[in-house]
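Structures are listed in the sections that come next.
Each of the next two complexes has chain A plus one other chain: chain B in the first, chain C in the second.
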Partner chain A sequence: MLIYWLELKKLLSAVAVWGFIAACLLFNLVIIISNSGDEYGDFVGAVAQVTGYILDQSFAEKLSRLTVGGKPAEYLAQLKHETEGVTDVFEGYETRYIGERYIQAMGATGYWADLMREKYAALQKVVEEKAKKDESLTLYFAGATHERHQLLFDTLLGWLFTEGALAAVLLALLAVGYENIYGTESLVYSTKKGRQVMGPKLAASLTAGLGTYILLAVLAFIAYFSVNKYGGIWGSSVSSFFNYRVDLITGNRPFITWYSFSVLTYFLAMVGAGAILVLCFALLAFGIGMVVRNSYLAFLVFLLVNGVNIVVPLQMPQTLPIGLAIKYLSVLSPVGLWLKHGIWFTDGDVDVIWPYFETLGLGLSLVVLTVFCVSALIYFRKRDLT
Partner chain B sequence: MRIVWHELKKIWNFRILVVVALLCTLYYWLFLSIYIDYFPNGHSETEEVAYSRELLQRYGPTLEEDEYSQFIRETRAQLLAEMESYIKSNPVFADAGIYSFEDYERVHEKSDPTEAEYKAIWTLLGEECDFVRFKLQALQWIESQYANAPQYTQKLISETTDPKEVERLKAILQTKEYRNIMDGHVYDNTVVYAFYFAILAVLAVLVLVSPLIVTDRARNVHLLQYTSQQGRRILQKQLLAVLLSAFFLTTILILIFGAIYSTNGTWVYWNSGLTSFLNWPTFLFNLTYGQYILIYIVLLYVLCLGTAALAFIFSPFSQNLVTLILRLIPLFTVLTVLCAWVFKYPFTTQNFLYRALGLVGMEAFICGLLFLAAVAVSLYLVRREKKVEV
Partner chain C sequence: MLVVNHVTKKYGNFTALEDITLEFTKGVYGLLAPNGGGKTTLIKMLATLLFPTKGEILWEGMEINKLGEKYREVIGYLPQNFGYYKNQSPRQFLHYLAALKGIDPTVANRKVPELLELVSLGDVMDKKMRGFSGGMIQRVGIAQALLNDPKILILDEPTAGLDPKERVRFRNLISEISKDRIVIFSTHIVSDLETVANHVIMLKDHKLFYNDTPANICQTLSGKVYETWDIESVTQPYFPLTQRQEEGRILVRFVCETPCPQAQPVTPNLEDVFLYIYRDEAV
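Right, the complex of A and B next:
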């Protein structure tokens, strides 16, 4: 345990790490400030504290009783107009067409086409559940929903995952390469602990990586929520009537999640899944660092591995069954999941064949990369370091 | 010079070169290949580019009134004959009650065509009929662009408040500069490819030159170097090696990715003025496509040399290669933003720097300033190193 703490101290005492965190924070502030300032969204959040977020008779009555002056009066009129006669989008909504369009677009046949159909048959049941619960009849941010949802869950969280992953990767490479960098390898590996020091190093780097992600997230969210007011909409469903997905193949369609998420639970789920993604990247980097001892080259190899993971599925011909398999499987890799972060917990995209793809992908990645890391550790124990 | 040569050998080591080559290949597939593989992209872009090339081959870099009239007249007649021939020979049209081009146009304008009519509409627009209807659409577009160019420029003059822009637009109108034949799709394709390529060049330079100083310092080799006859002047040689490497790498990248881009065949526009009835941006200078590319290359060299100097500045402050990467990532982010400011529609009124500052030629100024500042700071560090306590 002592070695773990000392390794952690080594990592966190690097000034460059704190400089990097400061640069990320500055970058996030620029993103938040340049994309915020939507007064209508703030107004809807404030109104929801009075009216609640469920679009029923009581909501309409409370809304009609509200009186405001000046600019908010215009927002109130807009909100009344937007919420008047809202219908349940999931009532009678069919998901089959989405699957068929995706199958057509990918040219999938046989096993893959069946899987896609099964996924949308399962989604149909979810839609029926949502219709029963009137999930879409919730306010979210009314007309400002799509922009607000994208800003938080796509733009800001996307950058946070990127920054957290980069920090975790570099901390892992710093931990694994530290003795090599400072020429203390022979000394450390000749002690009683010997090469087993890599175990505490792995634990320390994962802790530091996760800690950095959490720190960046907390600071970014403090800034974000102080500029964008969420008021009373936290309990509103993310599958609200006002939320939608832009899909080039099927056209705009409702934001359908497998689970019934409120804005708060979706936010927590996204942040939690992001932490696992950061862990996956850190494990990958640590494993690579064990094999490629030069930290600089190890980082470039890390970039190449992820680059190949993106490029190969794009270059694979869809006409070959192996091409489709690679396209579908690559989505489950950490970089594939990172690219799809904006649609986590939904049915996904044209190249997503399995339900709960983010849960499946994160679980699989975590297992595979842990095995990879442990194998690298075993390989390192007897590696010729001369 | 012998030491510079040895430093160059340290920079250009085989492993890093392989990684740089792989990074460039992946980057090409991800961001650049689309501008080669899918150019021109779709219809009627394909037909518009083809016609602009034909205009260029037939009439040279400018299109005069009589040449324009002749081209439109001849091409329209040819297309109409071609369409009539397709309509007569293909039963799809008869099934939809279409027996002439006039019939086709009448059906084309219908808001709710029948299935047979819909099929007929798309047959004349499709490959089966050599996209002939798209060709006519492209011709009509060229016709309207040329005919409306003076009015369009006049409209821009009336809408613009900036005196520099007004002056430039008046000059375009007076000299009839808009008669140049320069296709807008070609310009767009080139400028976006050039922007992404600039980011690649900056990335490749950073990856190649950055480890030199840090590797020496992490292993305390610099202390050994300082006790040699060469002494602390070694850092000066290293700076020279870094700048030379950046220059060589930029040259190699320009040659490779320029050669790849030349397969698009856009070089036929080399002598065409960029201000054209077929090209939408307002250019702040009277430049040809060739001059524009040459200026871009010069700016890219300046930016890449500046990038190399910045990497050199960051290196002595990094204790190891990981802390170096931690500094290089924000630097690369800033340089990417700078690339967007400089290389997205440079020397036009659409350029970010021009729109933000209202000053002409800021793209070149910013690149030059970055280079001079970075080299000046590098030289200061080299000078300081001679007296610094190590």
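Right, the complex of A and C next:
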């Protein structure tokens, strides 16, 4: 335990790490401030504290009793207009066409086409369940929903995942290459603990990486929620009538999640899944660092591995079954998941073949990368340190 | 007892060490070889940083890599040109290494300042090492090697960077601590070995050349080392060792395999042997 703390202290005393965190904080502030200022969204959040977020008779009555003056009066009129005659988007909604469009777009046949059809058959049941629960009849941010949803869950969280992953990767590479950078390999690895110090180094780098992600997230959320008021909409469903996805193949369509998520639970799930993604990237970097040893070279290898993971599936011909397999499987890799963070917990899109792809991908990545890291540890213990 | 048993180390097609067999019991062992001669390879194998391609290294009859931390806890190692954490003080650095050596923090609290005093760094033990001279860093290295009171002390070029006064202090320290442990000491500076080493191990062409006492090794050149003020009068083939200028004249010391009546025979020393043996190699 003492060695773990000493390794953690070494990482946290690196000035570059704090410089990176400061730069990220500044960048996040710029994103938040330049994209905020939507008064209507704040107004809807404040109204929901009085009316509740469920679009029923009671909501309409409470809304009609509200009286405000000035600019808010215009917002109130807009809200009344938007919530009047709202229908359940899931009532009679068919998901099959989405699957068929995707199958057509990918040119999938046989096994892969069957899998895609199975996924949308399963999603149909979810849609029917959502219809029963009137999940879409919730307020969210009414007409401001799509922009607010995108800002928090696509833009801000996307950047937080990127920054958290980059910080975790840099910390992992710093931890694994620390002795190489300072020329202390011979001293450290000939001690009693010897090369087994890599265990505490791994634990310390994962802690520091995760801690950095949490710190960046907490500070970004403090800034975000201080300029974007959520008021009473936290319990509203993310599959609200007002939320939708823009999809080039199927056109705009409802935001369908496999589970019934409120804004709060979806937010927590996204932040939690992001933490696992950060860990996956850190494990990948640590494993590469143990094989390559030189941190700078290891970072280049890390970029190369992820670059290949993005480029190869794009270049694979869809006419070959192996090409389709690579395209579908690459989505489950950390970089594939990172690219699709905006549609986590939904049915995904054209190259997502499995339901719960983010859960499956994160679970698989975590297992595979843990095995990779353990194998790299074993290799490191048996290699010559010239 | 530490035994190196028919050890060979290869890097691809290059053989760094070939079929080395050695036995170490208590005492100071000087390891001599020219640059690239395999000393550091041998030392790194003793420190478990490299693995033999063939053969084995045994400590108390057990293979050292199988013993793992049980072996590493009895060694103290001072590498050649080692790095350090510039932003840490010697005290912090030694505390970190003490933790890695499995030394209880309360013991380390006592031992670290003691050792830093021993190597004359007591007054700078809390200063960052960023501004330390090479000699001061070398002393930090010596202190860390002694942290765990090692039974085997492995020192790779330990006197590099030390000034003459520090070198004498260091040699005295080695003599003091070598009574109940194995000290393996590699160096280029032959005079360091002459005063402290009980045994000298010389490697040549990546093989073991000599493993004997300094006196016996010097004996190999007995009757072959000469000095003369008039080297031009020497007609036999000879190999020059050193030359010294005095009062405008040059005194040449050389090895001659045949009797040389034109010159004064002298008692060979370890440096003569070193220069003669490695005459064809860059030293």
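Operating definition for what follows: the second predicted complex is superposed on the first by the 386 of 386 C-alpha atoms of A that agree within 3 Å, B and C clash if a C-alpha of one lies under 4 Å from a C-alpha of the other, contacts with A are read in each partner's own complex, and residues count from 1 in each chain.
Just so we're on the same page, a contact is a pair of C-beta atoms (placed from the backbone, for glycine too) under 8 Å apart; a residue touches a chain by one contact, two chains touch by 3 or more.
Keep in mind that what you see is a predicted model, and the values were worked out from it rather than measured.
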{"item": "Chain A as common anchor, with chain B and chain C clashing or fitting", "value": "fit"}
{"item": "Touched partner set for A:Asn294, first chain B, second chain C, both or neither", "value": "first"}
{"item": "Which of chain B and chain C A:Gly194 touches, first, second, both or neither", "value": "second"}
{"item": "Partner chain in contact with A:Ile54 - chain B first, chain C second, else both or neither", "value": "neither"}
{"item": "Contacts of A:Leu364 with chain B and chain C, given as first, second, both or neither", "value": "neither"}
{"item": "Partner chain(s) touched by A:Gly183 [first = chain B, second = chain C, both, neither]", "value": "both"}
{"item": "Which superposed partner A:Thr386 touches (first chain B, second chain C, both, neither)", "value": "second"}
{"item": "First, second, both or neither for A:Leu304, with chain B first and chain C second", "value": "first"}
{"item": "Minimal inter-chain CA distance - chain C and chain B, angstrom", "value": "7"}
{"item": "Touching both chain C and chain B, counted on chain A across the two superposed complexes", "value": "182-183"}
{"item": "Chain B-touching residues of chain A, taken from the complex the two chains share", "value": "14-17, 19-20, 23, 27, 166, 170, 173-174, 177, 181-183, 294-297, 299-301, 303-304, 307-308, 310-311, 314-315"}
{"item": "Residue numbers on chain B that touch chain A, as the complex places them", "value": "15-16, 19, 22-23, 26-27, 29-30, 207, 210-211, 218-219, 318-327, 329-330, 333"}
{"item": "Of all residues in chain C, those that touch chain A in their complex", "value": "11, 44, 47-51, 68-69, 72-73, 75, 77, 79, 81-87, 96-97, 99-102, 105, 141, 144, 148"}
{"item": "List of chain A residues in touch with chain C within their complex", "value": "2-3, 6, 10, 13, 179, 182-194, 196-197, 382, 384-386"}
